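Got a structure for you, written out below as structure tokens; questions coming shortly.
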Amino acid sequence: MNKKTLDLAGIYPPIPTPFDSDGKIATLALTENLRRWNQYQLRGYAVLGSNGELVLLSEQERLRVLEIARDAIPLDKLMIAGTGCQSTEQTVTLTKKAGAIGADAALVVSPSYYRGLMTKDALRAHFHAVADASSIPIIIYNIPSCTGIDLDAETIAAIAEHENIIGIKDSGGNVIKMAEIGRLTGPDFQVLAGSASFLLPALSVGAVGGILALANIAPAQCLAIRQSFLDQEWEQARQLQMRMIPPNTAVTRRWGVPAVKAALDMLGMYGGPARPPLPLLSNETKQELRVILRQAGILHEGKPQDDNEDR
Amino acid sequence: MNKKTLDLAGIYPPIPTPFDSDGKIATLALTENLRRWNQYQLRGYAVLGSNGELVLLSEQERLRVLEIARDAIPLDKLMIAGTGCQSTEQTVTLTKKAGAIGADAALVVSPSYYRGLMTKDALRAHFHAVADASSIPIIIYNIPSCTGIDLDAETIAAIAEHENIIGIKDSGGNVIKMAEIGRLTGPDFQVLAGSASFLLPALSVGAVGGILALANIAPAQCLAIRQSFLDQEWEQARQLQMRMIPPNTAVTRRWGVPAVKAALDMLGMYGGPARPPLPLLSNETKQELRVILRQAGILHEGKPQDDNEDR
Amino acid sequence: MNKKTLDLAGIYPPIPTPFDSDGKIATLALTENLRRWNQYQLRGYAVLGSNGELVLLSEQERLRVLEIARDAIPLDKLMIAGTGCQSTEQTVTLTKKAGAIGADAALVVSPSYYRGLMTKDALRAHFHAVADASSIPIIIYNIPSCTGIDLDAETIAAIAEHENIIGIKDSGGNVIKMAEIGRLTGPDFQVLAGSASFLLPALSVGAVGGILALANIAPAQCLAIRQSFLDQEWEQARQLQMRMIPPNTAVTRRWGVPAVKAALDMLGMYGGPARPPLPLLSNETKQELRVILRQAGILHEGKPQDDNEDR
Amino acid sequence: MNKKTLDLAGIYPPIPTPFDSDGKIATLALTENLRRWNQYQLRGYAVLGSNGELVLLSEQERLRVLEIARDAIPLDKLMIAGTGCQSTEQTVTLTKKAGAIGADAALVVSPSYYRGLMTKDALRAHFHAVADASSIPIIIYNIPSCTGIDLDAETIAAIAEHENIIGIKDSGGNVIKMAEIGRLTGPDFQVLAGSASFLLPALSVGAVGGILALANIAPAQCLAIRQSFLDQEWEQARQLQMRMIPPNTAVTRRWGVPAVKAALDMLGMYGGPARPPLPLLSNETKQELRVILRQAGILHEGKPQDDNEDR
């Protein structure tokens, strides 16, 4: 089977799940944010990823977010649903429901709690059981910064043998491994960069795109890096890549989901609070973030978009 | 307040959750296993810990296990309920329900998914929010082999400032840190060893007992190590400690929960299957496990208890 | 001062130190190998790096290797001498002697034995003391696979403040960090990739070249990757980069210095034995290596160059 | 052969190498320090260990320190000489010279620079080559905090098969592993704790003593922990063990060799400066150290021993 039945090439924001001041899902804000992002040439969205706070939502909330998002996402854009749970059975169940709601693919994070027992064979069995049961294609999700486990190229290749497992989002940042994955799995298997800091290096070793926290707040810039690469406008791609590293670090490794949300607030979209134990950003950190966004050309001074940020 | 209102000193098995061949909770087996363990001078039980496969159960299943266990645990033994979830709110909810069901204390594992943001302050806020909301005392659960995070002594001491947080189960095995915890928190804060391999070393630097996977299959031996220590029968304690290291390694680091369950089967209790992605033990591994248990004096040849193991 | 007084841009093999069958330095082989490499458009050589077995040589041997190499290296090519020792004083002494022998720059590995005390301030003081005393420019050498320490971008930037510290060889493979170094230090500070597996990704975020074990056995291919990049022949660069990953892994992470030497033997140059505790390659491993080199187009069947390999 | 031909049981300070204000070896200070330590019932001394700054000394200096120390150490106390270098040949040479000078045993740290290639087989070959060539017994030295490598129990057992390899100093602090070593190697193989923080736990799983940085500044207390253990005065041992943790942390993990030396100065012995890149202690740190030593009962207020410390 050709795994490229579903062509993943492109840029995706892993969208945050907005909460209101009572901690409930802010459904209108979710729809409104998507309306804004829909104006860009994004390939689609990852819903319920790490930035979507999947692990902090009840099952009911998860389904609700998928339903609202699907309604707001045009059919020509992909909805990739995060469905990975610690148990195989729970993952199967959530993946099936996501498919029924209309997700185009499922993003399945590696189970990590019993990490000492998660051998290549155990992980292969887990992912294959999910892929067997799923009507939609599966994308492996490797995110060592959250799971504490970094899937190696051999394990990924073993998992990728299943015809319904069509790609990987790799957030580890090891471009050597990305190239190695390409070599071990063949050209059909699609690699997506998991962080904007290494988008261009990843493209340079064969990745087809990226699911990028930064694409929530700088979709145009992320798209431009990839387009310049495709156009062989190499120097332009490189300069933009370099410019995006400080804001990307800010909304990932340094301050994470709360910073993505704060940045959305600053940009006049809806960010709102993250759920505890995710921390609140201090005012000092917000101010530092604002400076970083301005220096990167993501936020512009004096724009009305600033009005909204102190909600 | 005196944190020793609830005296934790003693030995606890972190009991496995038994499943039948359809993967449903085997309620009678749970009751029957507890009847067997109740014959020992155990201080109580940890229910829904890592060995209880907490992260692989639905919320409904979790409450069902607590209810059945409470019915089968005499009131003079403690029921410690594992209630730690990734979100603060979910942890609060499950802890309250556990208290309502009759748990004597809650064992709260450190949230780990957003590990990069789990600073001392964030963890402190999480545990204090749970402790504020809970009617039963809280025990911190540090298990780096599952979470990939090893709480340091300073963080533990900061969390321990709350009067309703009375102790810690530390599975990390760093006895220097255990002693440091004792020094930083004062004598009221109770440290429990999280693995039988370092029970005696832990007692030697101030631990008051242990929650030990090995106590599921060798309760008498685990109790004897502690009793010999209390009786200052030092050499006896040491020899028994050394003898328990191979079987403990077998049911923890090497083969984990599936091996605890297989060993219960070999001993004529109910083990049964673990839930995927936890792997099945191969027949070779089972045979190796059997040899280890015999050499350690936990399993005896030709006993009728062997009959049951191939169910 | 302009740190580009010495322009490092280009490709360098970190040449191995050849030993004869008695374990003595094979001086003629060293000269002969350099004669072969001199036919390529390499920018120069790193002598006494990790591949040069610096840490396994006596001081007398180190100076001898530098002298022989300098004689055999044309003046239009750079000789970068590895001079990093555990003590500051020893490093100063060896750096001065290397300068007197005619090295163009010194490659100073971060001291690592007292790693717990090697704070940013301690490392900065070490490198600045060496840079103060040295008549030749200093290149920082970050190689976590040997030192067990990965200098972070902030530490590197602090060290780079000294005007006589002009660049870094970074073998860590974290291209995000490479870009961050560029951002923190300014355009004068020159970054060299430390392994061929990420040469193209490194160039894409601002590196000016590389010191590459693979360049010992595949100089033409390493040069071609960089040239294609400079010519904006992007697809060609990418394909060659991908093709070089398996042989590079073979002579670095998998089998290291002994494999570089075995490959040189296979290519009709002089490899010879590495010094213990570096292991001998088994015949099976040599055969596997040969296959990898052939598949990558580095070794060609039936060439007379094969005759020499069983010396 | 009985490995207990040389009985290692007891306590050893790993003595620092004193330098004068010009950075030369302070030979009289070395002799005088040993005269002070000789008053205690120590089993002997480790000379040229990590605290002896072995890696910062020239070969000539190493031999000089061994000669002076041997002259000042009574024949009924053991002199264990640190002789581990990165190369097998250098280690053999230094070990032979140490034996000729009169060392009773050699402490050989695991080579670590080519860590990726230091398999069990490679390390076994290295240690066995040294043991074959040496007239004095060999003690394995495992110190992950310096080498970045933690030898596992299986590797240690494989190395220990050689009859001239009689024991290990393990500074890793994993008491489970210590017990495992005992089980895998048999009772003849002697385990020495490598840090005072886990002396009692180590004794409790079979260690015969310790080479303890703290024994430089608190020999009486270190001896008393072991003696109480031998006398089965368990509670006394435990209390003293707990009391020694803060000062031990101060002179090991927190501030290392410079703190051992500063503490010696405070106690009226000779500490003096450490060699760069080891840092100087700030006055604030010295003051903090002084408080820790006083609280632990190692330093007493108003004693003339304080006069000397600001030399």
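Letters A, B, C and D mark the chains as written, and numbering starts fresh at 1 in each.
The rule we apply is simple: contacts are C-beta pairs under 8 Å (C-beta built on N, C-alpha and C of every residue); 3 or more make two chains touch, one makes a residue touch a chain.
On a predicted model such as this, the values are computed, not experimentally measured, just so you know.
Chains touching both chain A and chain C: none.
Greatest centre-to-centre distance from chain B is found for C, with centres as Cα means. Although chain A and chain B share one sequence, what matters here is the overlap of their interface residues, and that overlap exceeds half of the numbers used. The centroid of the Cα atoms in chain A and the matching centroid in chain D are 50 Å apart. Work out the mean CA point of chain C and of chain D, and you get 35 Å between them.
Among all residues of chain A, none touch two or more other chains.
Checking each pair of chains for touch leaves A-B, A-C, B-D, C-D. Taken together, the chain D residues at the contact with chain B in this complex read 173-176, 179-180, 182-183, 195, 197-198, 200-202, 204-206, 229, 232, 234-235, 237-238, 241-242, 245-246, 249.
Here chain C touches chain D in the complex through residues 23, 50, 55-58, 86-90, 111-119, 121-123, 125-126, 129, 145-149, 253, 255-258, 275-279, going by the rule given at the top.
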